[in-house]
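Each of the two complexes below includes chain A, the first together with chain B, the second together with chain C.
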Partner chain A sequence: MKTNDSGSGDVRLTGISKTYGSFTAVHPLDLTVPQGSFFALLGASGCGKTTTLRMIAGLEEPSSGTVHLGDLDVTALPPYKRPVNTVFQSYALFPHLDIFENVAFGLRRRGIKSVKKQVEDMLELVQLGEQARKKPHQLSGGQQQRVAVARALINHPKVLLLDEPLGALDLKLRRQMQLELKRIQTEVGITFVHVTHDQEEAMTMADTVAVMNAGRVEQLGSPADLYENPHTTFVANFLGTSNLIEAEVDSRSGGDIVLKAGGGKLVLPEARCSAPTTTGGKVLVGVRPEKISLSHADDAGEIPEGRNRITGKIADSSFIGVSTQYVIDSSVCPEFEVYAQNIDRDARLVPGADVVLHWSPAHTFGLDAAQDIDAGIQEETAV
Partner chain B sequence: MPFVNWLKRHFVVIAGLLTLAYLLLPNVVVTVFSFNKPKGRFNYEWQQFSTDAWKDPCGVAGMCGSLSLSLQIAVWATLGATLLGTMIAFALVRYRFRARGAVNSLIFLPMAMPEVVMAASLLTLFLNLGAQLGFWTILIAHIMFCLSFVVTAVKARVMSMDPRLEQAAQDLYAGPAQTFLRVTLPIAAPGIAAGALLAFALSFDDFIITNFNAGSTVTFPMFVWGSAQRGTPVQINVIGTAMFLVAVALVLTSMVISNRRTKHKA
Partner chain C sequence: MATLTEAPPPLSPTAPTQKPPRKRGRLTPYWLLLPGLLWLVVFFALPMIYQASTSVQTGSLEQGYKVTWHLATYWDALSAYWPQFLRSVLYAGAATVLCLALGYPLAYLIAFRAGRWRNLIMILVIAPFFTSFLIRTLAWKTILADGGPVVGALNTLHVLDVTSWLGWTAGDRVLATPLAVVCGLTYNFLPFMILPLYSSLERIDGRLHEAAGDLYARPSTVFRKVTFPLSMPGVVSGTLLTFIPASGDYVNAELLGSTDTRMIGNVIQTQFLRVLDYPTAAALSFILMAAILFMVTFYIRRSGTEDLV
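Right after this comes the complex of A and B.
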């Protein structure tokens, strides 16, 4: 059942969209998932990521556009005729069948008679050989999750679709299952398309992440690329934390743009700016909290030349263990976040202290100022 | 006060046993009096032990005929009501159609309506249609009043069913027919079985509606009622006891089976 025609196993979405009445869940979208990759669709709930996944599965009919698996146009095929299997959110295991029969379900429906060996091997792979004759409700959440994966994988689909598969597990188990799924994917070499709202999960597991927002793909790339070079404020804020400063383009020197922000000057490499930069125009300057060094104002003279710097006052600090997270009140940004590794702790860095923030211009990125600066900032949710 | 303390400690058990006795006493009386040898035509006073009636359960003219008729009607009414009721329940839960809300409430009307009113209006309807009263009118009436109960039982089950289960089946290469047979139906089965049992019990012992719409046909409840006017043969108690024993046996078997299954699984 395995596909060997390399290159023709891609999932290709062309102009695909979904509307419900007047509500557009997914705007026309082009997306190619290369064969054998681990691809994540990341976004907050309601962003259209699950709808996109369900259109690949055939459980949702696209309002426009086509779905191709390799050279095969599957747009008009019902789900039971597509070489695609899904691991559902909360697993959807058949409650009236035991674990063995759950896993054997797909094989039996395709008329395969001798399923015993295959099912036992698959249950071995997910370490559930002992549980074959139990009913789903007798297993723990983590075990049920593995049954759901086994039930889908046994069919050797061209693509495995995972709809928030780890959402119902506790944090520790989730970390464990992330590694487990990644291991299985490497082992079987099947294309995985994974839908999640958890940015850490997406970054840990996927080769390529598509960040979705309000029915559109905001940005697509490797986890490191998305994190280091966000192109929109949504991506900058949704993946990790970003400090964004409103600045004005002042001049250029070499490959760098010099910006004015609150009286001071900041340097931004032109290559790292995704916004148009006409002199006098506005740009949002971004920097990640862990890229910033924090010095007490008394030591300002020791900061090397050529670094971007901002002055401020410590508003709050919280000790996390490996790091200390500071909130700095500065003239350019009221809540500047800084994460400092706890290597040599400076006892003077307490709330109320005057400080200088400085970082390498290479760690600065620029965004179009005509966007909502707070887009993608998530409410603190218990995950 | 050791007795009072003992009473306090076992109060719940005692109350439970008393309630159980209260529930089962009529059955005990029926059983005991099935071994009576009454003087005269009425079986209301204990005379002496005898197994005559058990040896000849069909010894009363017309009784076993009415029993067999009641069983036949109950079986057909159960089949008809379960089939129609299950389809109605699925339609009400799964599909959005015009007047769905109205149908949802109307389906429960027969349960709320006084039985005697329904019986009389059905009779009027049958007479106006010029229908011949008998087996078929009884069957139609029974299917009608059993429907609401089946719909209620099945609907509850279908509503609590996760739609993703059917999607998962489709995702695993089951076409619409396979999905229904392998997933939908087995999961809805307990609700359907409950509805069918209810329908059987309701149909078998219905008197009022049947009496209005039976014409000259006599079902078992009608036979009992009729004979109570003129004298009650002991065989009625024999049939009653036998029905009770069959029901108890069925319940016990299903308990043993489900017990064994859980033990086997664990």
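Right after this comes the complex of A and C.
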């Protein structure tokens, strides 16, 4: 990895905000993207992620706050003076120029005369050497996308901004390009800031993900951290699926909180609870569907001690191949989701069967009960 | 072959009954073309043929004209009226350049900067069409009248001294000079420049400007390298829509000019309606048509916009 003078590639947003009339697109926001990292801004459409990106690019003027690239305050600089390049959502390739000239555009504007070698190398990197003399409309979506990346990367920007760059591609091509972009990023070592609404995309590609909702960053962390330890119901529901149960704080023992839910007791490690807990207060308890084991009610005695357990009845099951997805009607939650790996399938686990759900307390997380329990649930999950 | 004919017996009785509607369906586009084709034949092709035959006739009004394939009419017309041809090209060219210079900024403004004023400005551009061409040109006669405020102002500012020296105006007069004719042409054909320019500018994806800015192009470079090249189809069609009618126009030269500013349109009009020398008038029309066709072809080739349109 190439590192210039250390720390000079950080993107630092300080108190940055954007308002349009009475609408606040981005609430005052502090964010630091370390040099060389692959950073994703994840959120549903209209959450302010693209506006944030455009403020870094200089295409949008912040209503307050500053943008720093390393030690350089670029807040007042127009886009053409910022050492930052963007890959636009619909690529925005110049239709009157061929691929070669599209890629050479940035170099030529900076007065670089001999661009041939650089452009050819860059086209080689994105595997488009053959297409140099074609016009953009003669290429496929995936190829156009690679031209857009090449056109931005050739300038060796301090930061590469990607605005939903894969949104227009079909699923298979998108998966392929995700790996491709990740490869390029590792190869060139430039800081990438990637805007996407696709949680899988963000988790596959990024080192750090900032989940945005209604103009605010809900939570920031590594994909695994966000997934295993969400701090808000929005993050819990937007990233994958979560089962959330309303519970009441009963007592504490050691580092654990004991909670009452639907007549039973659940144990939650105190360190995994992001909400204030007072005895008698409410907490939302969450667990991911794949962390849960499913036992038939007749085998309840074989479940090891110390696991959280809930009883219920199988309402629905669907066989997906690698796993089976069950919907359990339980006393604490009418639609409890469980994903079971298809290793040893128990023939008794069919709709209507009485079951016990059990999981390790270490996989339990606690959230503030004052939030909307359904926040962040996506209408179309098959993105 | 035998097996093939045997195979689909249940279908064969229905097949012939299905055929006629399909055949009629195939003819429908041609029936729809018919009114337009008829229109073209009656009002374009027939007059062209008639004019072409007129241009090779000889005779006189009293004795009648006969087709004698007298092609010398063309040569005589050209050698007698080449100054007017040249003047037409110069005046129309000057008016086209002026239209482009005035129209481009306005079209740019409407397309990118006007916001909610866009429709109002568009209406203002088209509004002059609600009055007749003649009335508008006559109005210019009043505006540029001798001793009027415009001439007075130009005189005080010594603009007329410069234009007189260039030969565009004569003394204290603007009316009846080349300047007045070119101004009239510019004014009358300006909307024909603005509208195609606007429509091609408006189609440019705003993100291309952002992308160019993002790639280190300052605003003037964005215009030079992205906006202007992408508006070329509008520039080409705008200049054609201005130049072609302007070069054949005679109203502006008639009302705002003098005998020294006669364009080829005036000559054709006089030949047809006053001198009644139909062969010469028809020959002049064909020479004008050929000249325009030649120039336009050359221009489109040069501007290389075929793959942009």
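Heads up, the rule we're going with is that the second predicted complex is superposed on the first by the 378 of 383 C-alpha atoms of A that agree within 3 Å, B and C clash if a C-alpha of one lies under 4 Å from a C-alpha of the other, contacts with A are read in each partner's own complex, and residues count from 1 in each chain.
Note that contacts are C-beta pairs under 8 Å (C-beta built on N, C-alpha and C of every residue); 3 or more make two chains touch, one makes a residue touch a chain.
All of these numbers come straight from a predicted model, not from anything done at the bench.
Q: Superposed on chain A, are chain B and chain C clashing or fitting side by side?
A: clash
Q: On the A-aligned overlay, A:Q138 touches which partner chain: chain B = first, chain C = second, or both, or neither?
A: first
Q: In the superposed arrangement, does A:P79 touch chain B (first), chain C (second), both or neither?
A: So A:P79 meets both chain B and chain C here.
Q: I'd like to know which partner A:P351 touches here: chain B for first, chain C for second, both or neither.
A: neither
Q: Between chain B and chain C, whom does A:N155 touch in the aligned arrangement: first, second, both, or neither?
A: both
Q: Of the partners chain B and chain C, which touch A:A57 in the superposed model: first, second, both, neither?
A: Both: A:A57 reaches chain B and chain C.
Q: Output check: A:G129 vs chain B and chain C. Expected answer is one of first, second, both, neither. What do you get?
A: It touches nothing on chain B or chain C.
Q: Can you give me the overlap between the chain B contact set and the chain C contact set on chain A?
A: 57-59, 78-81, 84-86, 88-90, 92-96, 105-106, 109-110, 135, 151-152, 155
Q: Which part of chain B faces chain A closely enough to touch in the complex?
A: For this pair, the touching residues of chain B are 162, 164-165, 167-175, 178-179, 182-183, 186-187, 189, 265-266.
Q: Quick check: in the complex, which residue numbers of chain A touch chain C?
A: 57-59, 78-81, 84-86, 88-90, 92-96, 105-106, 109-110, 135, 151-152, 155
Q: Using the touch rule from the top, collect the residues of chain A that touch chain B in their complex.
A: Residue positions touching the partner: 57-59, 78-81, 84-86, 88-90, 92-96, 98, 105-106, 109-110, 133-135, 138, 151-152, 155.
Q: Note which residues of chain C are touching chain A in the complex, please.
A: 205, 207-208, 210-218, 221, 225-226, 229-230, 307-308
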